[in-house]
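Right, I'll just put the structure down here and ask away after.
By written order: A, B, C and D. Residues from 1 in each chain.
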Amino acid sequence: MAYDQQMSEIRIAAFAGSLRRLSFNRGLLRASQELCPSGMAIEIVDLDGLPVYNMDLESDLPPAVRQFKDRISSADGILIATPEHNHSFPGVLKNAIDWASRPYNDRSLDHKAVILQSASTGYMGGIRAQIQLRPVLAYFEMKQMQFPEVVVGNAKQKFDESSNLVDSESRDRIVKQLEKFKLFIKSFSE
Amino acid sequence: MAYDQQMSEIRIAAFAGSLRRLSFNRGLLRASQELCPSGMAIEIVDLDGLPVYNMDLESDLPPAVRQFKDRISSADGILIATPEHNHSFPGVLKNAIDWASRPYNDRSLDHKAVILQSASTGYMGGIRAQIQLRPVLAYFEMKQMQFPEVVVGNAKQKFDESSNLVDSESRDRIVKQLEKFKLFIKSFSE
Amino acid sequence: MAYDQQMSEIRIAAFAGSLRRLSFNRGLLRASQELCPSGMAIEIVDLDGLPVYNMDLESDLPPAVRQFKDRISSADGILIATPEHNHSFPGVLKNAIDWASRPYNDRSLDHKAVILQSASTGYMGGIRAQIQLRPVLAYFEMKQMQFPEVVVGNAKQKFDESSNLVDSESRDRIVKQLEKFKLFIKSFSE
Amino acid sequence: MAYDQQMSEIRIAAFAGSLRRLSFNRGLLRASQELCPSGMAIEIVDLDGLPVYNMDLESDLPPAVRQFKDRISSADGILIATPEHNHSFPGVLKNAIDWASRPYNDRSLDHKAVILQSASTGYMGGIRAQIQLRPVLAYFEMKQMQFPEVVVGNAKQKFDESSNLVDSESRDRIVKQLEKFKLFIKSFSE
């Protein structure tokens, strides 16, 4: 029983487009982990060790890249939390995505279900990062669930001093997003 | 038997973002109709009669809008052929999409499978229209099949004087796209 | 004196991507007209009479198109107020822009200075329409002034029942935007 | 005299969104350097030493970042050569741009004139990287010169085995682009 349940648990790989220690977007992932519905598990994958992408390194993938790709590849769904830098997604995030897509015969994101979250100190909450990311996700033919949106503006008032999400409305949104994502993923696997 | 087969045929609604009589993109749709694999049917929906969108008209939808929405809503998949105007999709096309999305409780595109085609006289073949359209399709949570791409540049050399697609390589691409689209749609309905 | 002043007045052509009678975005343009700094005049150009773009009509431009293009072409700067429809700019707006860009030897927007405003009932205030529009404006090599941004979310609380902008913070933003736009335009003409 | 001329020379800082040793886009920059018109000089700035962006490092900028920013800040214009990765600009490039924009009071790209080039092995030549980059450049209120476009598709046939650009049509395009860019920059400084 326990074994079967284990086997059928939906596994989500989550990463945030920020290396900052007190990143709000990493805080979103921790909150998602706490609020994750039963039957689903969220594993946070840090981007810290990833080098800047260089095609010349593909013949002998750096271990951090190999590990990142393995954790992404084996997941049933992807959760990306992204800050907005200069009206788009951060280089940090795109760099990780570029590694995930390489080499050509070892693409780690293709066809997976995906949801986005974002937080920022401005009132827009990083929405421009999300919209700029859509064509990239479409390129991988990822299954994009759009609603409910998790977009947390004015982050300084919604996270505590350790960057933990304390805003109850935002936490409710995450619960709703994750519950729907669970059904969304199941709808493709049945 | 014949009846059952009829019932299980996949129905595609197709529209082109151009009103020009000799539009290359309408030519792509006619070619798609000719080349459509068995078990799938493509109905071309003209945008000619659609007025410019005005929310004030929603309470009493113009008949052309009603008809357009009905033909879209009842389809199993959507094929959009789009020229590129000013590095994006044409207003003509977005106007039709805006009508399709309204009123709020009668959205005609949500969750449907979708493929894109484009043709242009330039060598880029309208690719910027396609990429700009991706976030809009994601907003509707449409199932975006990306590959194989149908992007026909240098259109004047690939269509005849009646804007019929005569380029065999492009026709082959359409065949491959439609065959994969058939499987793509089936994968969601089984 | 008065004559010279008249001659040196900066002329802005403004249009809104909505035909709705009580459009919030048309309300933004009326507020901009009221709040326009001295030495600058804003003329609102309605899009109501514009047909849906059709290249076949270019050989004999519809009078409404001719008039629209003339008023745009003669302006020193452009102000566009845009709602957000389906995570992008409305078809209504792109249709007007497509007409402005045609025929090929009579392009009405090229190289002009431009600012954007947007309003929406949602909290995002139409920002996705603005960001999707940027590549189109870049294609025309328009001089894009980005800040201060005028993005009015939760419009129902900021406009009165006649869609006049009554929110003082938003009105202040418009004043600041227009004053900076005046200097921005002058910086190119000196 | 020579000194005065030297002083009035237009200085372009150029960087490519690729670290690959035989990068085609770095090849575009070398060709641009060779083909640079008199009165203008192009300095190629390598991105090799830049770490992945981390806000925690801003208080004590890494030397490679400091050097990168200084060379960008002092330039009269910017030339960016960008590959296309996954239908957008590479993380490598966005990472450099993110560093250029930070910290808040030391933004290195704002208001500068800018041109883009791209090369790729596919027939699209990286055009999707360019179009995705436009809103980012608009955010910095950069002066975007769009034409003539330098977009080199099918790169393997247009560069030699050392990734030097040998295609004469592409070289001619670069000459035209740089000559117009020189006039473009002058038009803002007179």
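We take it that a contact is a pair of C-beta atoms (placed from the backbone, for glycine too) under 8 Å apart; a residue touches a chain by one contact, two chains touch by 3 or more.
This one's a predicted model, so the numbers in the text were calculated from it and none came from an experiment.
Asker: Tell me which of B-C and C-D has more C-beta pairs in contact.
Answerer: Comparing B-C with C-D, the pair joined by more C-beta contacts is B-C.
Asker: Sort the other chains by how far their Cα centres are from that of chain A and give me the top one.
Answerer: Ranked by distance of C-alpha centres from chain A, the top chain is C.
Asker: With centres defined as the mean C-alpha position, give me the chain A-chain C separation in Å.
Answerer: 37
Asker: Between chain C and chain D, what's the gap in Å when you average each chain's C-alpha atoms?
Answerer: Chain centroid spacing, chain C to chain D, equals 31 Å.
Asker: If you look at chain B, which of its residues touch at least two other chains?
Answerer: Counting only residues that touch two or more other chains, chain B contributes 87, 128, 131-132, 135, 138-140.
Asker: Along chain B, where are the residues that touch chain C in the complex?
Answerer: These residues of chain B touch chain C: 18-21, 47, 50-56, 85-98, 101, 128, 132, 135-136, 138-140.
Asker: Please name which positions on chain A make contact with chain B in the complex.
Answerer: Listed in rising order, the residues of chain A that touch chain B are 131, 134-135, 137-141, 143-147, 188.
Asker: For the complex, give me every residue of chain C touching chain A.
Answerer: Within the complex, chain C touches chain A at residues 87, 123-124, 127-128, 131-132, 151, 153.
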